[in-house]
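Two complexes are shown next, each including chain A; its partner changes from chain B in the first to chain C in the second.
Moving on, here comes the complex of A and B:
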């Protein structure tokens, strides 16, 4: 299976795909009304990692995103800020300066994002650059090729090395579940990432379909819960990609609540990686306040 | 800004009840019309979650049972048994469609009358009832294909007595195959839950069935006895307790009445150490807390392989803590009201016995409403095979957990019961599933799921859980001379 000298044995519980899908569907049957909805929508906003990860990202784009992060919709009072802005490493310094004093974190993807196909040295250099520019959080990708070959020790060691390079920055480990092929593999990758020291586990880069789904997220939440029950240590969760509607986001929060408990309903432990979710949430909040839906153009896109 | 959001609780999400129509008093449904008997003997149907009276129901006399059987006989010898199967099918299709159109009203009434959560009546009871009607409507003109080289003939008048746990669904299970095969029906719903059967009678009227094809008489056990003992009934179909099932068998001994019985159960739900444990926990919860455990096939005996016992019980308790117990009309309720005061007393008595027998007892710490009949989801661990609650059918949200070491041991223990209705097996290994399912003495064995129903799949028991099958092709033969 692997050739490295210090073999660790990774074993994860079996996952029944049919059962997971059924359970995930059950969360969507919860009816979230009035006060619970208001509170939930506020929570969703506060948990968003507002993201731009494009080849054509520019300083202008990043600045606009940072402004939006601090001014989600100024015509509504008392809105929370988003949790973080997520950018490529070369924009970390700019984002950091733009968000200074706001309390909003800067997250940076690193480790040859999104494929992760490079040497460990280059990946660590990527991480160090982002950290030295001031990134509060590092979103790494695991080596899916090595994972599929069964080199679980390699995957573990790489995550552990990146974690060490993160220093004080929190590490989110992207499993890219859309490339893992089964929920059993999602569970195994989650367990490896958690064991290697990830502060967060994250579903997707957003570059591969399918990205986050409720069944995949449920399996990862269960890995987090099992780790907590064994060790008492909390790990965060970040579904990313594919969550663009407020209603779906609220169902994710129900899933978090019923799987992990209220302690995880906090931006410190749960995030949404999304770019278009914020505006749908804002639209719902405006509807709650005014009683009518406003047109999409009333909400700024960046 | 980070925001602390401790304790996010769901707000009430009540299903509205304004759209339903209920009469203050219901007569009996005989020969295509509702009749209000002049004896004035009525009883109340009560909402078990509030104690509120929903309607007055007629306590049928033996005269009404006579009239109902006579009407059914006349309809049978008249046009119904001679009608082509395709025509009979059309009536059933029409009834199924009407039920779908009024599904919301039926779901609300089912939850008001029986106490089950609206989520279940909306997502399970009513859609499944319609599915059964659709399924058997499809068989009506294909009986000669179902039984090739035979000439299947209907039996005549079927007396059908149904329980209170799935009132509408059981009515559909009984009526659909009987009508598809050309029989006529006298149906008696349980006394605590007559409303949806009477509403179904209204739909039967609306669908334009010939008078007398379906008759509904209401009342207590003596009404059921009058049907069973009636000379002109050709077939008795009963779903209910084993005790009553035995009485029925004695009553019809020596007659040429045909009979199918679907009785109690004490199902073994078996979890091996290689099972997908979180999904097994979900199946355990669905197996025993679905419909407050008022399910004859409920997975009330949990067998856990000893090596995963502690982990599984911890997960199970965690999951039980997320179940919402309370108002059946709230869309978020997972566990509703116990169906009647009498049933609640029975369950509480068993819980008391369990405590005295010394097993470890657990209930999640959830608030219960002030009025109505309620029981928290209950768990007994460290149960022995010789304990009463491992042997007797409690018919409530009470789970008894035992451990086992080997496959041979668990098969022996699982089969060591007078019942044999259903069982569940949880393992990631296909070969183990086949080995287990062939050795379990149970009518239904679920693998890696539980309480999953489908009209195409036969359902019925071994041993004291009864005989005969409902659903699927097997369900047809129970109503045919083949």
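Moving on, here comes the complex of A and C:
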């Protein structure tokens, strides 16, 4: 740490790219027995942030999504609800009312999502609006432009300011790893976000390709692990975008378990940001119960 | 002895005898690619006492993958213009014509006599041309404007059912195959074909023709394997919309129908000699279409009838 006021120097361990890719690939080669698979699929459902973040979102669409969150597939008994519904700030109030009494959280993107290109005042106003409407969780984006300029203190301060504006709401910090360029940058951004007080770190907005990948998620999980070993404090993880198949989601759970341990296998600490994943998981569960392969047109459109 | 001496000693035929024949690997055709079976199992069909080679033994997961491929190709294929589908069917015929010799030889290996083999190949080519011609015509024949007693313009048109699982004929490895694939895809369906268990070679080689004929990947997927292992998996699959069976034993047909009843999918059973001309007809296209009727409100101007 240096002595000149609030400026911090950030340094993160170097990432062995080849090693990370190899390690991530190994998580996909585990044999999953049918009992474990059944449990895992239920767990995946309970960790989903059912998301709609389109310019064409309407009240009807948000209501429908909230209904889906509570009635994933009523013909199958004993299904959990999803963890949260994720919407734009102007739909938070509606989502909150639609989900009343269900225990499902309302998450809202804020801070000039998805680019994050605006002034701090406007970003904080965006956050305050979502919080005052009742958002339980705020998904912010970091300023990738400033990050690439090496303005790490700016990025840190911004996250800290948003965290303060969140009050009781939990803060998820989106790194938008598809725009960061290298795994070293991903690790650095993760460390900055964690140090600035993020409750969750999240890979992507879903608007940029590539979105979440297993190697990127592994690097972020390792940042969380190292932080936990140093301080004993837990930080959550949310891969978002590009996870649409149940099998891939199970691979992610294996990665979380083997990197962070059982404590993180909980919707409080691990989430999937996805919209089409839920239906694929439901189709797999129905396949396990009936023995017949399923078709998408027997499941509700999100 | 030096290398030169050894070559000299082994005589003039050495160039021929040292050449190892490169044998063909008969792989499956899924989503426009030629994968091996995920199960890593193979079988050796035997015809007249000699083995036809190692052929993939498809598993239920191969069926699943093929249906996924067919489903994702279906929307795009049915959105193409009828004219374009006709062009592509014609193109398959062109490609088949260019390789007719190879197909004849393969049919002979699978137990047909030379004359029949040649007839079957040329009939297969003609059949593709025949259905290419029907692509933009069957709608006119089977669609209708219906008389109704209300202020509506009421019309019915055919739409493809979606994904069709086709079990190819056992005795007619090429002609039976082509005679079912062509009408199924002509209307915009995609299909998964289980090749004849006894004579699967023509189906695999036909996949190579498809792969070079502008047929988008996933429109036709070809599996090889044992029908009895796979019956339950494709018949109960909810994403398969119709099943076409050709030349199966009656017990198997019953089993397929029972499983298919779970989601009331259409099952069409054929028992015919595909080499007769009458077996090529537009009713085979109709077999894999469903009728969509639209009631379009119109203004009834007077008592004089519909005024569209």
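To be clear about the criterion, the second predicted complex is superposed on the first by the 297 of 302 C-alpha atoms of A that agree within 3 Å, B and C clash if a C-alpha of one lies under 4 Å from a C-alpha of the other, contacts with A are read in each partner's own complex, and residues count from 1 in each chain.
FYI, a residue touches a chain if its C-beta (ideal position, glycine included) is under 8 Å from a C-beta of that chain, and two chains touch if they have at least 3 such contacts.
For clarity, every value in this text was computed on a predicted model and none was experimentally measured.
When both complexes are superposed on chain A, chain B and chain C fit side by side without a clash. By the document's definition of touching, of the two partners only chain B reaches A:35; chain C does not.
When both complexes are overlaid on chain A, the residue A:296 reaches chain C alone and has no touch with chain B. Of the two partner chains placed around the shared chain by superposition, neither chain B nor chain C is touched by A:146. Once the two complexes are overlaid on the shared chain, A:63 sits clear of chain B and of chain C alike. For chain A, the partner with contacts to more residues, out of chain B and chain C, is B.
In the superposition on chain A, A:229 contacts chain B only, with no contact to chain C.
Contact with chain B, but none with chain C, is seen for A:266 once the two complexes are overlaid on the shared chain.
Overlay on chain A (Cα): least separation between chain B and chain C is 5 Å. No residue of chain A is contacted both by chain B in one complex and by chain C in the other.
If you check the complex, the residues on chain A that touch chain B are 13-16, 18-20, 22-23, 29-37, 39-40, 42-43, 46, 80-81, 83, 103, 222, 225, 229, 253, 257-258, 262-263, 265-268. Chain A makes touch with chain C in their complex at residues 291-296, 298. Residue ranges of chain C in contact with chain A, taken from their complex: 64, 67, 71, 233, 236-239, 262-263.
For chain B in complex with chain A, the residues that touch the partner chain are 1-13, 119, 123, 274-280, 282-283, 314, 318, 322, 331-332, 428, 448-449.
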